[in-house]
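Please read the structure below before turning to the comments.
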Amino acid sequence: MADPRAAAAREPLLRVVNVVKYFHAGVAATVKAVDGVSFEIQPGETVGLVGESGCGKSTLGRLLTQLLPATSGQVIFDGVDLTRLGGEKLRQQRKQLQMIFQDPFASLDPRMTIGDIIAEPLENFGLVTGRQKNARVQELLRVVGLNPYFNNRYPHEFSGGQRQRIGIARALALNPKLIVCDEPVSALDVSIQAQIINLLEDLQREFNLTYIFIAHDLAEPADRVGTPPDRTQG
Amino acid sequence: MATAMPTPATIDYAGGTLAREQVSLWRDGIRRLRRNKLALGAAIYLGFLALVCLVSIFWTPYKPNVIGTCETYQLPSAAHPLGCDDLGRDSLSRLMVGSQVSLSVGLATAIIVLGVGVVVGLIAGYFRGAADAIVSLGINIFYGVPPLLVAVALYVLLGSGLINIIIAISATVWMDMARLARGQALSIREREFIEAARAGGARWGKILFGHILPNALGPIIVQATFVIPVAILTAAFLSFLGFGVPPPKADWGGMANEGLPSLQGGFDPYILLFPALALSITLLAFNFFGDGLRDAFDPRQKR
Amino acid sequence: MANPVLQVQDLSTSFFTGDGEVKAVRNVNFNLFNGETLGLVGESGCGKSVTAMSILGLVQRPGKIVNGKIVFKGQDLVRMPAEELREIRGRDIAMIFQDPLSSLNPVLRVGFQIDEAMKAHDKVPADQIAQRGVDLLKEVRVPDAARRIKDYPHQFSGGMRQRAMIAMGLSNRPEILIADEPTTALDVTVQAQILELLRDLNQEMGTSIILITHNLGVVAGLCKRVIVMYAGEIVEEGPVDQIFESPQHPYTWSLLRSIPRIDADRRERLKSIEGLPPDLIALPPGCEFSPRCPFRIEKCFTQDPELETVGPAQRAACWVTMKRAYAEMGAADITDTRPGAASGIRPPKGIEARVADRRELNAPPLPTPASDE
Amino acid sequence: MLTRGTLIYIGQRLVLIVFTVVVVSFGVFAVVHSLPGNAFVSDRVHGQALQILLHEYGLDLPIPLQYWNWVKGIVLHGSLGVSLYIRGLPITPLVLRELSVSAMLGGSALIVTIGLGITFGVLAAVRQNSWVDYLLTSIAVVGYSVPSFVIASLGILIFGQWLNNLTQGALYYPEPWSGTYGSLAELSLPAIALGFYTSGQITRITRAAMLDVIQQDYIRTARAKGLQNRVVVIRHALRNALVPVTSILGPTVISIITGSVVIENIFGIPGLGKEFVESIFQHDYNVTVGVFTIYAILIGFANLAVDLVYTVIDPRIRY
């Protein structure tokens, strides 16, 4: 890992090398959820991970963000191998690496206002205080197309599509480089899906984001699919 | 950090207004609780009982522990509305004082169990592994013996006295709370918003007490309201068997115990009846209130 | 298309909740013809499932059919005694549900649940029930049926469970099969298999099928005729080809546009229907779609349009209709007949879809299409 | 259906039961033997004579060693030791006889509890929000609110005094227990007083579980198949509702054991519970430990039985 900054602009933002995840089921059985996946992502790119449900792609998304520890393999993000980090160092890396979750109903803490939800990552890293927080939250709400004065409302007051926008705002709060989108629209009605996909596309242009897009809709192998988001949806 | 983020021009506020305008979950629950007449009645009774308890500390119609205040086995009369017991003490006064024991045992046990059970359970459920193994083993061992017997053994070991009774009872009822908190932590930790919090860089203390506890609070509070009657009941059982607060201090279970021989011997049944009634109504009130609370805050209740 | 096997007339079903009367289905009329596959399409909460439940008399409290007739073989199912209706359920009209995992009883064996459907009615002789159970599982292409029939539902995969549900539904050779989102909970590849199975069964057995779905793409593969529902009402109905080729209600048009297409130019934005369906307790006056409609005119806010014939066997409930919208707003006619082709069509400049809501209606109305003087 | 997995599970549970019994018995052993005062205090034995007595019963040894001797006695001779109150009386036959009395009472109470509880729960759920529901749920709340000694006392008052002439003593008997085990007159009142408390809880759980199950999709499927309502309720709904009900059978057993301590004392039934209280008052600690140990074993096996019942009711549960 000799000075990754020196490498050319073609240095991938994320390099996944032979990542393996086994789950233990029962006494002797193991389930190979992810078995030796490798791929690379360049900055600004969108990569789709496509496969049927149960093929381990959601697990893979959690391995990339290190929400689950990998059994073996490397996840090299911006030149740093995340699988070797733990505790505080890994936590610091999360600033750059965010995630949008599949279920807009389950991924927002029902006991928190959406302002607190969106500001939580900022507060975890001590990046905002008091009035600053409010301003930043309102800005983020505006960015994802929600009324900025909704910041004191609770998640259950919003529709599925609106909730997913809140999840996106939370992921954007830390100005990350890479966002892993875990089936961000599969829980939404077809008519709403397009709204969210379009928003994600706009944000990508706006903030130079890199996306990993996890989807189940195209029956393609889950290796390396350079599929844009609007193609992975159906 | 407040770098200017230009708003994408094409997006108007999506969905415009809220999907549904709604009061918060808590206020909604309180509204439902208010509509529950039984729970409301129970709450009023409990308030009255608390008042009686407070008054009895300073004033009772007769001295509750003085023998020979009136005739033994005197039936209810104007001077002694609830009659007198086998030692000629005024039953009403003793009944009033007896509320102190029941209420303090119930509340103190609930508080101890809340503190110990919730923390132990949350930690076991969130960290799993060794912490969980130890806590679960402890829970299983305590579930392996009848609680009343444990309380008796502890009572005998610690000696009589209100505090010792509370400790003995707490030791026998903490497991339900710990198991509930553990189960809540186990299931809530798998919910996506916990993953989202971790992805957002939250530390474990924040996840445990900032996310998991608030979401588990509903069932925990409901469980706590059920700890109170169970504790009162256990205390009454202990007293009834002769392991209560030391005489002459009055408590309902002990009073019922004193009344049993007179009942079986064919004497004044009121000696037993009134403390039994007071105990039953109080337990009923706590249970109705607890049931009402659970119904009101049950997330599956939709209205 | 001779005679209707089922006639739904003026059906209205409401749910009486603490907040008010939720008018889930309002004045729905349609016929199901012998051997037909009919699609019932709409967003979640548009009343399509409640319509199906009403047909079988399965609407539970606080829901209630408040008006209408459902005529099956000359009898009105709405007014039929409960016991007679029970006899019809599962024997003459069967239903399969969205989530095959939660729709099968987890503690009973799959075979038992299939057999039970036959035992409840006298259509299949008792001594043939066991054998027919196995045959049915084979018919819906569950491999190793004789062994799998003894399994419990949790031992089946999602697709297999739905096949078992279908076998259960078909066990008494019903005349009508109502399939409520039969593929929504399944993976795409499995979806296709299930749809194919339904199509074959329809052709082989002549069972009439009502297919309920929120996905117009699913309808295209299976149905000849489609009914589009919005906010509890039918907004458009007609032959599938025609609806796909020239949808007349703006809602249908919007639905079609929002189907993503694999062959579409990727640089093109997906079309979405902005806004949310209306609150069924407090419906907007006039056309229920008007708050979200890009082509609305002032009349739409005050008067509710009726279904009117807009083409051969095609009817739509709209004051504007797409034909007029295009003609008067200068848009080209729709020519591409492939499913989802309509998504390529943009509304004329100046009437780009905007979000609106009842609460915003006090504000000056949106720029309405110039016309309609 | 004893699969290999189930046998392994049973094995694990047996190990856990043994572990629990050892921990519990040692804990209680240590507690009671370190109590101030000992079994011979009431006999006013002091000084030299007391030392001799203590030595004779091995009570002068360190507690772990005493415990070890006690365990050896069980393993080698099946002996729980001797009574310190009636000096030298072997405990084992005594507590076994008392266990059979308690088991009879507890078993009858269990039948009362489960029978009443499930019937009431199902009826209340099926008639949700009707007067039947309100009546049955109210009875249930009364059931788990009113202490069993109150119910028992009321029973004595009503059947033993007010109605005694009318019922000719049926449902009530004057103390002491006659020893004719299983006589309906002797058993019914204590069993009802004992079972009523837990039946309230079972009613509540059954009702809640039924209401929950009735909402499930598979109930809709069952109705859509055209099954008769009775079949839907019993075969499809109750069968599933029994899963959560089973989960409180363990606590129910414990609750009945606890209650029996009180009930046996009121009715003068010579069971384990009465023995336990007497042994405490008499400082007869070997008996106290023995009763605890038997209860721990009993509860361990009751919980194991409940877990095995699960696999019968719910095929998804496999060990």
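First chain written, first letter: the chains are A, B, C and D, and each begins at residue 1.
Assume contacts are C-beta pairs under 8 Å (C-beta built on N, C-alpha and C of every residue); 3 or more make two chains touch, one makes a residue touch a chain.
Computed from a predicted structure; not experimentally measured.
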{"item": "Pair joined by the larger number of C-beta contacts - B-D, C-D", "value": "B-D"}
{"item": "Chain whose Cα mean lies nearest the overall Cα mean", "value": "B"}
{"item": "Computed distance of Cα centres, chain D from chain B, in Å", "value": "23"}
{"item": "Separation of mean Cα positions, chain C and chain B [Å, integer]", "value": "51"}
{"item": "Chain C-chain D separation of Cα centroids, rounded to whole Å", "value": "55"}
{"item": "Distance between the centres, which are taken as Cα means, of chain C and chain A, whole angstrom", "value": "34"}
{"item": "Numbers and ranges of chain A residues touching at least 2 other chains", "value": "159, 195"}
{"item": "Sequence positions of chain C contacting 2 or more other chains", "value": "274, 276"}
{"item": "Residue list for chain B, restricted to those that touch at least two other chains", "value": "12-17, 19-20"}
{"item": "Complex contact set, residues of chain A against chain C", "value": "52-53, 159, 189-195, 197-198, 201, 216-219, 228, 230-231, 233-234"}
{"item": "Chain C residues within the chain A interface of the complex", "value": "43-44, 187-189, 214-215, 217, 254-255, 258-260, 262, 264, 266, 269-274, 276"}
{"item": "Interfacial residue positions of chain C with respect to chain D in the complex", "value": "56, 58, 86-91, 94-95, 97, 99, 102-108, 116-117, 120-121, 152, 154, 165, 168"}
{"item": "In the complex with chain B, residue positions of chain D that touch it", "value": "16-17, 20-21, 23-24, 28, 31-32, 34-35, 141-142, 144-147, 149-150, 153-154, 156-157, 160-161, 175, 212, 250-251, 254, 257-258, 261-262, 265-266, 276-277, 280-281, 288, 291-292, 295-296, 299-300, 303"}
{"item": "For the chain B and chain D complex, residues of the former touching the latter", "value": "140-141, 143-149, 152-154, 156-157, 229, 233, 236-237, 240-242, 253, 256, 259-260, 263-264, 266, 269, 272-273, 276, 279-280, 283-284, 286-288, 291, 300"}
